[in-house]
Amino acid sequence: MTLIKEMTSGSEFVGFYLLRELEVKQTNGTPPKDYFDIVLCDASGQISAKYWDVSPAEKSLFAPMGLVKVQGIVQLYREKLQVKVNRIRPTTEQDGVAIADFIKAAPIAAVDLVNTIRRTALDISDAELRGLVEYCLDKVGDKLSHYPAAKTHHHNYYSGLAYHTVRMLELGEFLCGQRPFLNANLLRAGILLHDIAKTEELTASLGIVSEYSLQGKLIGHIAMASQWVTEAALQLGIRTDSPKVVALQHLILSHHNLGEWGSPVQPQTAEAIALHYIDSLDAKLQMAEDALGALPEHEAWTPPIRGLEGKAIYRTHLG
Amino acid sequence: MTLIKEMTSGSEFVGFYLLRELEVKQTNGTPPKDYFDIVLCDASGQISAKYWDVSPAEKSLFAPMGLVKVQGIVQLYREKLQVKVNRIRPTTEQDGVAIADFIKAAPIAAVDLVNTIRRTALDISDAELRGLVEYCLDKVGDKLSHYPAAKTHHHNYYSGLAYHTVRMLELGEFLCGQRPFLNANLLRAGILLHDIAKTEELTASLGIVSEYSLQGKLIGHIAMASQWVTEAALQLGIRTDSPKVVALQHLILSHHNLGEWGSPVQPQTAEAIALHYIDSLDAKLQMAEDALGALPEHEAWTPPIRGLEGKAIYRTHLG
Amino acid sequence: MTLIKEMTSGSEFVGFYLLRELEVKQTNGTPPKDYFDIVLCDASGQISAKYWDVSPAEKSLFAPMGLVKVQGIVQLYREKLQVKVNRIRPTTEQDGVAIADFIKAAPIAAVDLVNTIRRTALDISDAELRGLVEYCLDKVGDKLSHYPAAKTHHHNYYSGLAYHTVRMLELGEFLCGQRPFLNANLLRAGILLHDIAKTEELTASLGIVSEYSLQGKLIGHIAMASQWVTEAALQLGIRTDSPKVVALQHLILSHHNLGEWGSPVQPQTAEAIALHYIDSLDAKLQMAEDALGALPEHEAWTPPIRGLEGKAIYRTHLG
Amino acid sequence: MTLIKEMTSGSEFVGFYLLRELEVKQTNGTPPKDYFDIVLCDASGQISAKYWDVSPAEKSLFAPMGLVKVQGIVQLYREKLQVKVNRIRPTTEQDGVAIADFIKAAPIAAVDLVNTIRRTALDISDAELRGLVEYCLDKVGDKLSHYPAAKTHHHNYYSGLAYHTVRMLELGEFLCGQRPFLNANLLRAGILLHDIAKTEELTASLGIVSEYSLQGKLIGHIAMASQWVTEAALQLGIRTDSPKVVALQHLILSHHNLGEWGSPVQPQTAEAIALHYIDSLDAKLQMAEDALGALPEHEAWTPPIRGLEGKAIYRTHLG
Amino acid sequence: MTLIKEMTSGSEFVGFYLLRELEVKQTNGTPPKDYFDIVLCDASGQISAKYWDVSPAEKSLFAPMGLVKVQGIVQLYREKLQVKVNRIRPTTEQDGVAIADFIKAAPIAAVDLVNTIRRTALDISDAELRGLVEYCLDKVGDKLSHYPAAKTHHHNYYSGLAYHTVRMLELGEFLCGQRPFLNANLLRAGILLHDIAKTEELTASLGIVSEYSLQGKLIGHIAMASQWVTEAALQLGIRTDSPKVVALQHLILSHHNLGEWGSPVQPQTAEAIALHYIDSLDAKLQMAEDALGALPEHEAWTPPIRGLEGKAIYRTHLG
Amino acid sequence: MTLIKEMTSGSEFVGFYLLRELEVKQTNGTPPKDYFDIVLCDASGQISAKYWDVSPAEKSLFAPMGLVKVQGIVQLYREKLQVKVNRIRPTTEQDGVAIADFIKAAPIAAVDLVNTIRRTALDISDAELRGLVEYCLDKVGDKLSHYPAAKTHHHNYYSGLAYHTVRMLELGEFLCGQRPFLNANLLRAGILLHDIAKTEELTASLGIVSEYSLQGKLIGHIAMASQWVTEAALQLGIRTDSPKVVALQHLILSHHNLGEWGSPVQPQTAEAIALHYIDSLDAKLQMAEDALGALPEHEAWTPPIRGLEGKAIYRTHLG
């Protein structure tokens, strides 16, 4: 079976894929004919596709986010690869394929990521901070295990948010070892909650974001997470102006560092500074790692990456 | 009695003033001698002053924010006017002066401003919005009547916040008349709450801000006010993600318009756009009106004003 | 008859529309065939259209800005709606349709807007300011009644400029009531003339801008309007460096506030500050009002609006 | 006699200088005593000075911009050199000193600069452009010979404006030779008029700017010069919208290149581009040349220069 | 024969052109058919073209950068002109056409440009500077004669780099005459080397850049040229920290003036300032001259030019 | 003995300090008298001081960077603490004090830092990269052990550069463990060399920078270090355009990330991205740690820190 990332112009193929997007459109001809405008994906990447001769029966047979078997040919269209679908059908149980195999996911299992997150929360020795964190984790529920961290920017896949959080926790532990003056409980709490409201900011399924929610647009995940801490404090009987609540909200509110990046206040504690730079370091390196990982073996340059100053990244190989 | 704004270099005077700031310092001489580094103010403005020959007894006689009788001479020092104090004493009851006469205040009485604010809140016909607003107004208590709206930027005087709010309400009513598609209840609620958390962001007395509070620095009045709405909703049994709560928080969070001006999200409803521009228009015109009002009659140009692109303002008189 | 703003993919329709743009193009086939690339509009909006099988006779039958009767079907093409025209013919007198019904226009009649403008000019009690204003209004002639205020930014329709001016005058009167220190004559004159040279900057017909004029590009409406005041002063025998001329030119030159927005000087009088913020407030709210008005009833979000920080606007409905 | 630029800390001197600024101030002592706060200058530079024991008679003896004989000592005060004046008196005819010897001036005589300017204007072979230019030169009158080009930025000395203009004309002739597609008449006219309104924007005497005029602040030299061309056209019977008037006004209006540098439109003709870069090149090199020329021989670095990205300039000497 | 810049929609033509780009693609039909996606060019400009019915034999007959004879028709496609090729064949010797006639080139012969460059290098009277310059010129070898100065920005044609260099040398000589304080040897050396490493930064053939090299992307021509001077110094036995090496590297490193334009340091010598502004002036004027030269005679406005603030340029014709 | 960071207004003290800066100045009196303008420092901080009655003998007794015994009193002058020195003398051997005890230094001994650096260089398993690194380390010699990393920005003390390097190496090892796709040899080499040329950019003694060198200003440490790699390659017989040299120079040149921060190219390999963010993280956290460490115990806020967006940092203490 051909991985999408290995497809090249002119090659023909048969294989199973996830029908990530599907729209029925009409050709310009007279009379106009229906066709499918499709995005196929597997764990290695995604590609747009056309299926030209759609029968009325087929129109009700397919829906976005379903698995399909496709026979097609890869063509070059406007400088980009595109699949011309010759045959397509929904998969059946006999095909023995599972949706989880066709989506991009973090390299660590969701259950392990959630365990690490939950265990770290339990390890916060300050009862109030621990309470605030656990309240918010509980509020998020199951989304913690599978949500992506962004629509396209970074960690935009199944369990991306949890993976980002766990990696940041590791980095945080390392830094607290290097610099004991940092308050480890506060830094852990900040890492655990800094992006937690992305679970409400984004509408996602199987790690794929379809859109921003109304709250996501009008409030944003930064102010939302801070408001969740207010809510947690009220429910737990902690004063909303107590130093711990304020310090934790400060970490959340300032973690984008600058106003033009969405933070209404700038970092003013060492832990807030640490949080911002841990977040940046992890996100930027992940962008580079993911972009290089998605690159066919024989290619040296990724496409330009918006989050990396719009630069393409070169694969270092020094022999 | 000489108004501070009318003082000129070389003039001698006797009068009552408010001792806005007072610090005991030492001269460079051997042995060093104590002197008072002072800021005097009245309703027309403020001026720095020195009192050189402080006796030990006098050191315990004065405190900031007390009224004093001063005899002194005005001098030019480093391009600025400064008072050399010859005699100074605290006022007594017999002097018949009241502190309220010596501080800058809004041109409308505090009680009237608060009445207008309270009545407008009552007039919000939507019960949930009215509830959220009144909860926050109650929370602020007495500060609503006397707090300034800023440390130096604009409306930085007694009742400045209430005055700014009332003027914006008038402008809002006018606009809702011009453009009936605007939701008047929401806009009123947004105007009433947009700066309400300045009462916690700033530490102020008699309309004079001494500093930013810890919460003011780490959270800021924008996120704080939005969190108060969360708190109000929880206390009143309104869902925190209900459309009215979200719409009102959006107005508060976006009212500085841009991220670099402190808003974590940008205006995305017509009412949010209206709120931002009403706020700007009122603040900018007030800066110009106050700066021109503080200018001696015969002068044409104010000092440069940071909030007005750093420009000095020219007094238009077209005969 | 189907309003353009209510058209949906797949619907067929017959109706009258304005042929806003028309270009004859060739298909890629061999031999290439002529087709019409069209923009249809009515008062509710506009849509692009294709008419595929153009006969030689038809090529001379149609011209831009003519009224046509169209039978067609709405299709989705590259994420946008587009009309496939099946039949098209120019309207005749018998159809009983008038061009004025098919263009977007201000909600107040042109004649009323011009009356308000003229009456306000007459009401300027300072003879010199009144003379300068009337000279410029006379110079513009008939364009005052129908010109739009911009190509796409805001008030881009029939009588848009006059409508913007009248709304700003109302706001200006309100503010002069709130703040009597403002010079009402000067502010009125500034509002009346601030965008007056848009009538030379833009080439427009029926409220639709086709392009910028040479003077519009090389001089711009800001410097042009200021030069008209110079011309008016010379013709009326007023010194070009008299305080009133300078003050009025200052309002015109500074009304975009910042250099990067096109103003060679920044506002330095209270009236200039007022003019800029009145202009912003009116333009921004009108953008939001027009974008929401053009939205089909069941939709909640407008497209992104460049003049509103590139944000889409959400229709507030709080039940 | 000691040149100001050669003064060093601790040195005593006697010499003639120009009293560029003079203010009578009072010491902090009791009773306060009068002293003179002075700026002395000669053709090599300027230095601040204090004269401590001023007698009442002396207070009426001196005025700014008069020549004086000074005996004093150079001291270091707050990292800067300053003169402590021991004796000072106005010069008399017997001293045989002339004010022209004590001010900084262009290295070419004013009369020669004006001749070059006038001859170049006459050489413009297009009668209308020549007429517009000569009208503006006539309007300026005598100021053309002695005005500086700026308060501090560049060419801030006697005949600085004429010198800048002549150097730019030379560069313009060279470029028109290199690139014959340029319209030499238009470029000459643009160079001659681009800064001509600095004669009204600035209030200057002997090449020293004391302040910006009201028109300078509210209109600025860019819009002012463009308006002079409007006035010239009206007086000469040339249509204000004729291509030559528009092209010349475009050069003037766009010569600062960017909005944030004060140009309401950006260069859109080859001649406008040429004018901007000729202006920059001449101004920047003159800043460097003047700063290095004012540097004592043994020093390698000038002070930071705002117009050169805030950089200090290093004197190249490669042996 | 029809010049590309003179082609208009609908015209048919036969002529010789350079096949600048050639890609074999497939149509969307079933079965997909091969076609050529082509860019044709001549000395006057370039145009995209399609050749629809490619036979298998033809696929091996053509290669990019070969000369071809074409019979075709010009059509309008998505607002742009495009050629539909009817017949195409490679040229033969009998056709008597030479590739040099079909590429855009500097208006002065390469051999003359190189002679001027070499002679100027020889004229540098300082032996060390001369040695450094000649080492770098030798290193570049033949590329000096034909390399362009950029991919698209300016001087993007055969001998563009040498032409830019020679014009800058002329301007440099003129300025050293105007301002003798400039070190002419250093300025010449800086002009000769400032863009010299573009020969390694870009991969070009016949004056056409196909891409940036790896070094070009990872090091850039500015740091590369500076490193060549280090290498030259080491090979010639000159200390790498000697004043001449440092001064010359400073000119190279700072010649883009600002960090955001690629210079790691800003100009801090008069020669470095001169170099930057000479470079700007020459590049900007050339952009305007080339864009106007490429414009059909009857058109007045060029397309927008990125290097000129994104502005279109107007052809001045004042009769 | 009183630590400088613990001094408070009004306190008298006797102790040993380092005379970090010393200038002889004159008072304004008649006759002017000499006094010392001094900066005293110890390992905890620094303070300015005045010694008023300097005898001629004393003027030759003291020099900057000498140890002194001081008896003085702390005063408040212009909002800042300042010492009035009553008695001062150079230390003698009997005093038993060593200069190393009075300067701020990294918390790890220089010898250990250098050992770690040298051992890491030896551990680079790629011979060419190792050779390039060792060449540069050898070139720096002894300065590696004691140089600061900056004048004021961060790590501005004895062994600051080595300390910064070692901390970054630790962080680099951690990240290479987390993300094995990173080339550990290249990242180590980049960390070791990224700031190595600060040893030539800055002129420093005992960890205190007195100024930038000529090369530091005209070339800068970024381009200088890259040129050292060129030199190393030439001396070691490695091609200057080999992938390893280019990759290493890329890390050095891009490590400030943006052009406006001094990097002529932006990071385009994963290792370059890692280097930049490791550098930022370490520098920012060190700024916060040092500023909090220099704060008297009872204070909660540091002064504003330029490298941390100009924000003051709050000491987190959550009980």
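The first chain written gets the first letter, and so on, giving A, B, C, D, E and F; residue counts start at 1 in each chain.
Note that a contact is a pair of C-beta atoms (placed from the backbone, for glycine too) under 8 Å apart; a residue touches a chain by one contact, two chains touch by 3 or more.
Note that the structure is a prediction, hence the values are computed from the model and not measured.
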item: Touching chain C and also chain D, the following chains; value: B, E
item: Furthest chain, CA centroid comparison against chain A; value: D
item: Chain centre separation (chain C, chain F; CA means) in Å; value: 60
item: Intercentroid distance (Cα basis), chain E paired with chain A, Å; value: 43
item: Multi-chain contact sites of chain E, meaning residues that touch two or more partners; value: 214, 217-218, 243, 247, 258, 268-269, 314
item: Chain-to-chain touches, reported pairwise for every pair that qualifies; value: A-B, A-C, A-E, A-F, B-C, B-D, B-F, C-D, C-E, D-E, D-F, E-F
item: Sites on chain C touched by chain D in the complex; value: 200, 214-215, 217-220, 222-223, 226-227, 230-231, 234, 240-241, 243, 246-247, 249-250, 253, 258-265, 268-269
item: Residues of chain E that touch chain C when the two form their complex; value: 50, 52, 73, 75-77, 84, 314
item: Residues of chain B defined as touching chain C within the complex; value: 126, 129, 167, 170-171, 174-175, 178-179, 181, 183, 185-186, 243-244, 247, 257-258, 266-271, 273-274, 277-278, 280-281, 284-285, 288-289, 292-293, 308-309, 311-319
item: For the chain B and chain F complex, residues of the former touching the latter; value: 23, 25-26, 28, 30, 32, 214, 217-218
